[in-house]
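Given below, in the form of structure tokens, are the structures.
In what comes next, chain A is part of two complexes: it sits with chain B in the first one and with chain C in the second one.
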Partner chain A sequence: MYGNTRIRVDWRASAELMGVVLIYFAVPLSFPLLLAVYFEEPLTPFLVAIGVTLALGAGLRRLGDPEENLGPREAFLAVALIWLLVAVVGAVPFVVAGAGTIAHPVNALFESMSGLTTTGATVLVDFSVHDRSIMMWRQLIQWLGGLGILILATAVLSELGVGGAQLMESETRTRNVNKLTPHIAETARLIWGLYVGLTLLAAVVFFVLGLAFDPRMGPYNALAHAFTSVATAGFSPEPLSAGAFHPVLQWAIVPFMILGSTSFILLYVFINGEPRRLLRNEEFRFYVGGLGIFAALVALVLFVTGEQGGAIEPTIRHAVFNVTSIVTTTGYASTDFNLWSPAATYLLFLAMFTGGMVGSTTCSIKSLRWLVALKSLRRELFTSVHPEAVRPVRVSGSPVAEDTIRDVYAYLLLGIVIFVGLAVFVAVDAARVGMDLSAFEAMGAAASTFLNIGPAFGEAGPYGTYAAFPMSTRSVMIVLMWVGRIEMIPVLVLFTRTFWTS
Partner chain B sequence: MYGNTRIRVDWRASAELMGVVLIYFAVPLSFPLLLAVYFEEPLTPFLVAIGVTLALGAGLRRLGDPEENLGPREAFLAVALIWLLVAVVGAVPFVVAGAGTIAHPVNALFESMSGLTTTGATVLVDFSVHDRSIMMWRQLIQWLGGLGILILATAVLSELGVGGAQLMESETRTRNVNKLTPHIAETARLIWGLYVGLTLLAAVVFFVLGLAFDPRMGPYNALAHAFTSVATAGFSPEPLSAGAFHPVLQWAIVPFMILGSTSFILLYVFINGEPRRLLRNEEFRFYVGGLGIFAALVALVLFVTGEQGGAIEPTIRHAVFNVTSIVTTTGYASTDFNLWSPAATYLLFLAMFTGGMVGSTTCSIKSLRWLVALKSLRRELFTSVHPEAVRPVRVSGSPVAEDTIRDVYAYLLLGIVIFVGLAVFVAVDAARVGMDLSAFEAMGAAASTFLNIGPAFGEAGPYGTYAAFPMSTRSVMIVLMWVGRIEMIPVLVLFTRTFWTS
Partner chain C sequence: MDVVIVGAGEVGTAIAANLASDHDVVVVDLDQDLTDELTYDLDVLSIAGDGTTLPTLRAAMVPEADMFIACTDDDRTNLVACGTAKTLGDPFTIARTKRTDYLRVWEHDESAYGADFVVCTDLLTAENIVRVIGLPAAIDVDPFAGGLVQMAEFDVTEESPVAGRTVMEADRFEALTFAGIFRDEELILARGDSLIRAGDRVVVIGSPESVQSFATDVAPETTPDHADEIVIVGGSETGYHTARLLEERSLHPRLIEQDGDRARFLAENLPHTLVMAHDATDTEFLVREHVDDADVVVAALATDERNLLVSVLAKRLGVDRVIAVVDSADYVTLFEEIGINVAINPRLVTAEEITRFSHESIAENISVLENDRAEVVEIELAADSPLVDRPIQEITAELEARVVIGAITRNRTHVTPRGDTVLRSGDHVVAFVESSFVNELTALSSAT
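Here is the complex of A and B:
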């Protein structure tokens, strides 16, 4: 009762929710446990993690109170801390297994947070020292992170109106889906079913194509890459990422990255007999169009600079694959794009700031926000000439509220400010320890972690490792992967005094 | 009359205004003419230019009609085309003189536009081949550009509400200045007096310190650097820029760059007995504070990387001078900062996006816009927690209208979008011709020209030349220096159909 007199957040409501999620987290942890049994690898990493998550979960439920009211503040607190605690528990197997760079707690937390946030930036150096069960856990965390963000994006953030996320809500609520699924829980169930279905489809497609074209794509790799393509997450048990596989498999991965970045609500509607709602959706067209333009520009630059010796299929494939990987924020690589010319790498860097559609597993800014902002810019030019005119900004025919436009702008600016701050920190921290890092590489690593892409340039390249950065940089990146993934606001508000006291 | 049935802009009103300005432009052109007489250098470059400007001016006045109404559209048209035509006329002496790189028309226009927009990016390669009258013309164009932008910023853009410029208007109108200067023409006269006074003060200070410390700072250089420091413009007749002079002179230039970037309205009020209005102004504090933070960070990096062998005065001087030069958008250099470590050059790159105060000669985004945007971001965090709360954003105590906040956001985003577009063009164009240009150098050159700073990194470094870029890149830069200087909107609206027809 003492707490309630000063702290005005019903934190017991948040603790209850956190406790429930942590207890459920024991279920996925049993999958790598079964794999470890099958491969005859040590079981302790997963047994310890299951013990930790159950103990933490039970403890939080004891502290928690299901009767308290879960308002916006309690939801922000729960969302932010769930992501943090699950990342901590997810790191336990890496530390207990004790192999390679991720035996160190900071690296383990980096890898786990990078996984859970579907970033896919790795501090692994030698992939061969890790057990298959550990490597699959790394893939599964990403898939769980993708699921978590789907539920967060479709059911929670839209309710809280974070950075224009209410726009997606109007898409959900005002049309047919409304009648089909009156409750958030129902929406979540539909989306979860679609997510599982897409993942299984990807696994089957990869496995069958593997049988035909590439023995390295066995059942293990098919499942591992299904997990991290549909989640637009990007970890791969292969040090060469998608570059380890036959070109046909690289092409096969592309549509699953695109589907993972498409609004799951609209995908659901598409499957259920209303394909036009997706195909006519302005955000979808903007996202796919932007992806196409970036891919064409990169292909052009690769042709001009003769990157693939002028060969047509490899040039187009590497342009399409890596641009799709970056735009969808997956982070796979079909080749070391780090070695491309400055013009091509610069285009990839810019593509990092786009992202797929709101209501998907994609990260970064997302197409809807860019679309609203650019449409609002066009309107601004119009009203400069006609100051007296009133003309709402419309997306897919519906007017966008002026408050929402301001939210979107604020979100974009906040993202840019945090990105720049991180880039400065990375550059100055590297100078401090004498690490050879160019300004562009600092920006790339900052964007790629904060926007949850994964690979960047230089040491952080797709075939490189973030273990090359100083410990202090890696620690700050852990925090900013977390901040970036849950759309910044839920974490940042925790650091305002008004959150706790007013 | 035919024109009026389809084109709905009273372009004859714009033509009249353009004609008047071009005729007046003959007056400053007679200054280098007199210098040429004094130095016994060719007179034709300036005689031809005077002839061209008088002929163009008279022609436009014939087309024009002083009776037609000068509304927002006509003002945009006149502003945009005046800047363009004056730059064209300003280039004539360079072409007629026929010496060095600027004998080529595109280079001459680049140098002239870079001058008039107070950018200070140069395509000169060998400074020694040019007459002193030509080099002084280059300085004088910058000073005229500074004056032009002062009048535009205080009298025109605030009326048209470009990108939140109306905020400055409220500062002007609602307080004492209102009573002092009820008419725009009167405001312009006060500001013009202050501008001339500051320039003369700078010239005297530089000349006197030159007598005491450095014979290279004679009357010619004192006037040349007075012109381009108060105008935050950055051209120098010395290939080493401020690095050619004694440290005391470098220190002496710093306050004039800062004054040139301070609101001239508030400077006027300061001199006239109300210093507190400047010192308590939130934009002023934000601008000076930001400058201080950047300078401290750069000094820190220079110490850590041992750039000046650890010597204290040179380290602090070079950090303060070059950061001030970039933040105020002047573009002088006291040393080749291009050779600094990535962390230091990256900080300079970021400083390019700040700028001084609205209502000064400064370029770039300007502090007021950042202040409004960041305050609005803070408010956004507050309303995330308290969705029901209404809390206006305040600057220096006055609430900022929500429309204005949206204008500011739109302006920031538009600036970023155009910057990114130019950077992509520069990078891809360099790749096309096989020019060795890093992604960071492409971004630096794009920011430095579009935001009217001047020098950047690599070939575009403070001791380098933009002549190293392909002709196509230089041509696009000419356009974007123009677009950037007059705050984008007046040019961009000309390319919308609604401007001409509705």
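Here is the complex of A and C:
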């Protein structure tokens, strides 16, 4: 029998869906195209990209079969490949434009993947050689990736129906997408509406404050930073990132990063008249509390070491801004924190592993997982005294299922194993080419890319670039940004035999 | 009063036995043998037939009945029987259920199922257990308004910290009302400046939580608090509700349930109870978990045999008080004879609760105190009641009788009555009243 080798995935269903999403991807690509027309910049990068995405989409649809059923496996396959293909198409304008480091295809894909996964790690060296439309594309691709492309797809393609819930679950690794309305597409639309609203609000706030305090924050920069702050993404057209702007604007960015890292379901409920549910939510309190503690510790260290000359406002501002940026996995910097004392940078490194809330635009481990893990560890201590005790782990008063706890443990372990592996690889690969890289810098770069944060330390610091790493390292980072953003499982499962055959 | 009882099981028979001497009772059951037997045992009319059908209920003279009690062993039969009875006339209908879900539906809307009152056996049993555990000092305790309000009567001893204080000093609780004080042969209505003396009996009405707190004030020695170890063995519905009600009274019991899935369910729904999944007859386990040091052990397992085993085991380990649920009424005395402190039979408890509604001529929830010197009565105000839309101080000033309004429930929430509280249509009013005035008061619940 040939039963063992038969493929048990209805890949045609996935191909159909990937084709549709890629065709729709032409719509966001036309935004920088219009911008290029307005700024009288070359149009070809975007025209080519639109051509590529339409052709690829049409080809996939030809292979695909809309009649096939989109089950969990097909959803995994579609989610993983859509993120990869969109990043590939997103890299096309960089290559065609042909300016700077990102003219090289690997660098272009690095930049595009870093953008789409809202990492914010860059390989740009000279910001000034790029067209404004190209720079805005960099920002826009982060905004699209911020909330998740598949949530957007579900919102737009109402025919997805039940499959949409399947997709959102695969993308966000939650067991049950919290439906706000009976129709999943409507829920996705509500969430996206909120996301668009927050982004517009951020753009207006930045623009108005720019008028008052800082002429560099014009409409272009206001929109560019609105895109990447609410998406907790971190790209900036300015080489000095948020450090280029007036302190008031830096303060104004902080709340939008925090909003972007809060569960959108919870934000929706908050806006719709149940504000207390946000404050009662244990994950939210745990998250904000953790953020506050990290910020306070860093501020304390900065005071003691006199980093900002002991001045109160800049010390607090830089501590709050950069900790928020790291914890929310945004990756902006208000100053070169690379130059801070080791105590402060180690704290920032630790903060990389926290992440925002589940159901937000952030990456990394996420606070709910830490909360569940810590609570179940505490229970472990209790049951070692009372072995027969039955104690459900509770979050916000509701019991957490035991297999969810197992999932959380598995996720943490897997995340740590991949991180350690990547860190070792980065260090070894750097030594191979004779690059001067400390162990801490290798760990920082590994955590920052895999956990989709962006800047790290040393060469890859907030004002530095990943271009100095060897090509092999950058290629591996591209893969791990991809793996990290869709929370590992959808990609890793594709490499198991069971996925395809049993 | 004409009473029709559907179901001649233990509950129905017990109710019939309680009522037969003062009322005209008709008993309906499917089982011809049971009904025949009943005619010889009790002075009642018995009819064999299906209590959910019109011909049977007509034969049982339901159209003329004042009260209709459906107490078979099947929840749905009882609810349908009540609904059917309401189509024939307007008796006061009482349904017995086992599942609390049906009770919750009825609490949500009291017109549900055509039942005027729903008695939930498991919940009632649990309430009884909690009363025995929580208020050992009380002489008399009765629930009103579906358990939202409790009436309790306490002896004030020489040692009681309450002795020598005025009512105003003793009443530290928001949801509690001092109703009356019995002193020798005298009945004193509680006023703010009334002095409580040793030897008095005080009657309080309020939320179960506030009554529990007051018990701690009256008899701190005997009333359990945080430090007391309460162990419930068996996660049956009764065990579950017992733990839940104890939690509501800020006590933290332990619950032992052998089945892993059931234990998980209990642990999820009882956040302040420590649930353990193990066989409760394993002595080594009981000693390791210090169950022998427990102040109270409740045996609420599924069978009488296992409850007996656990109770005896607990007694042998040296537990102070053991309370056992005994399903078969015949074994109650047996349990108590071998040293189990309290044996509670769910069916007898249900029968007692239902019987409370058929006091003398009116179908209302009533507690009789001190040889009928005073009563606590619950009335539901109809829209046309002369009491509606008037403040309490105005009503009490006008009434010639001695009455204290102890508690009000409105939409199933507790309202503490004050002088300026305005009564509304649909309110349940629990009042302490001199016996001679009961009929006059209940007549005020509606215009007719």
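In this text, the second predicted complex is superposed on the first by the 465 of 502 C-alpha atoms of A that agree within 3 Å, B and C clash if a C-alpha of one lies under 4 Å from a C-alpha of the other, contacts with A are read in each partner's own complex, and residues count from 1 in each chain.
Simple rule for what comes next: a residue touches a chain if its C-beta (ideal position, glycine included) is under 8 Å from a C-beta of that chain, and two chains touch if they have at least 3 such contacts.
Remember, predicted model here, so these are calculated numbers, not experimental data.
Trainee: Just checking: does A:W251 make contact with chain B only, chain C only, both, or neither of them? Give me first, second, both or neither.
Mentor: Touch status of A:W251: no partner.
Trainee: May I ask you to decide whether A:F127 touches chain B, chain C, both, or neither, giving the answer as first, second, both or neither?
Mentor: A:F127 sits against neither chain B nor chain C.
Trainee: In the superposed arrangement, does A:F31 touch chain B (first), chain C (second), both or neither?
Mentor: neither
Trainee: After superposition on the shared chain, which partner residues are touched by A:P399: those of chain B (first), chain C (second), both, or neither?
Mentor: It touches chain C, and chain B stays clear.
Trainee: Have a look at where A:H386 lands relative to chain B and chain C in the superposition and call it first, second, both or neither.
Mentor: After superposition on chain A, A:H386 lies in contact with both partners, chain B and chain C.
Trainee: Could you figure out whether chain B or chain C reaches more residues of chain A?
Mentor: B
Trainee: For A:F213 in the superposed arrangement: first (chain B), second (chain C), both or neither?
Mentor: Neither partner.
Trainee: Kindly classify A:Y463 by the partners it touches after superposition: chain B alone (first), chain C alone (second), both, or neither?
Mentor: Once the two structures are laid over each other on A, A:Y463 reaches no partner at all.
Trainee: Could you pull out which residues of chain A sit against chain B in one structure and against chain C in the other?
Mentor: Comparing the two interfaces on chain A, one with chain B and one with chain C, the shared residues are 386.
Trainee: Any idea which chain C residues touch chain A in the complex?
Mentor: 256, 260, 263-264, 266-268, 271, 274-278, 285, 289
Trainee: Give every residue of chain A touching chain C within the complex, in rising order.
Mentor: Interface residues on the chain A side: 386, 388-392, 394, 397, 399.
Trainee: For a test of understanding, state which residues of chain B touch chain A in their complex under the given definition.
Mentor: Interface residues on chain B, with respect to chain A: 72-73, 76, 160-162, 297, 300-301, 304-305, 341-347, 349-350, 373-374, 376-377, 380-382, 384-387, 402, 405-407, 409-410, 412-414, 416-417, 420, 423-424, 427-428, 430-432, 437-440, 442-443, 489, 492-493, 496, 498-499, 502.
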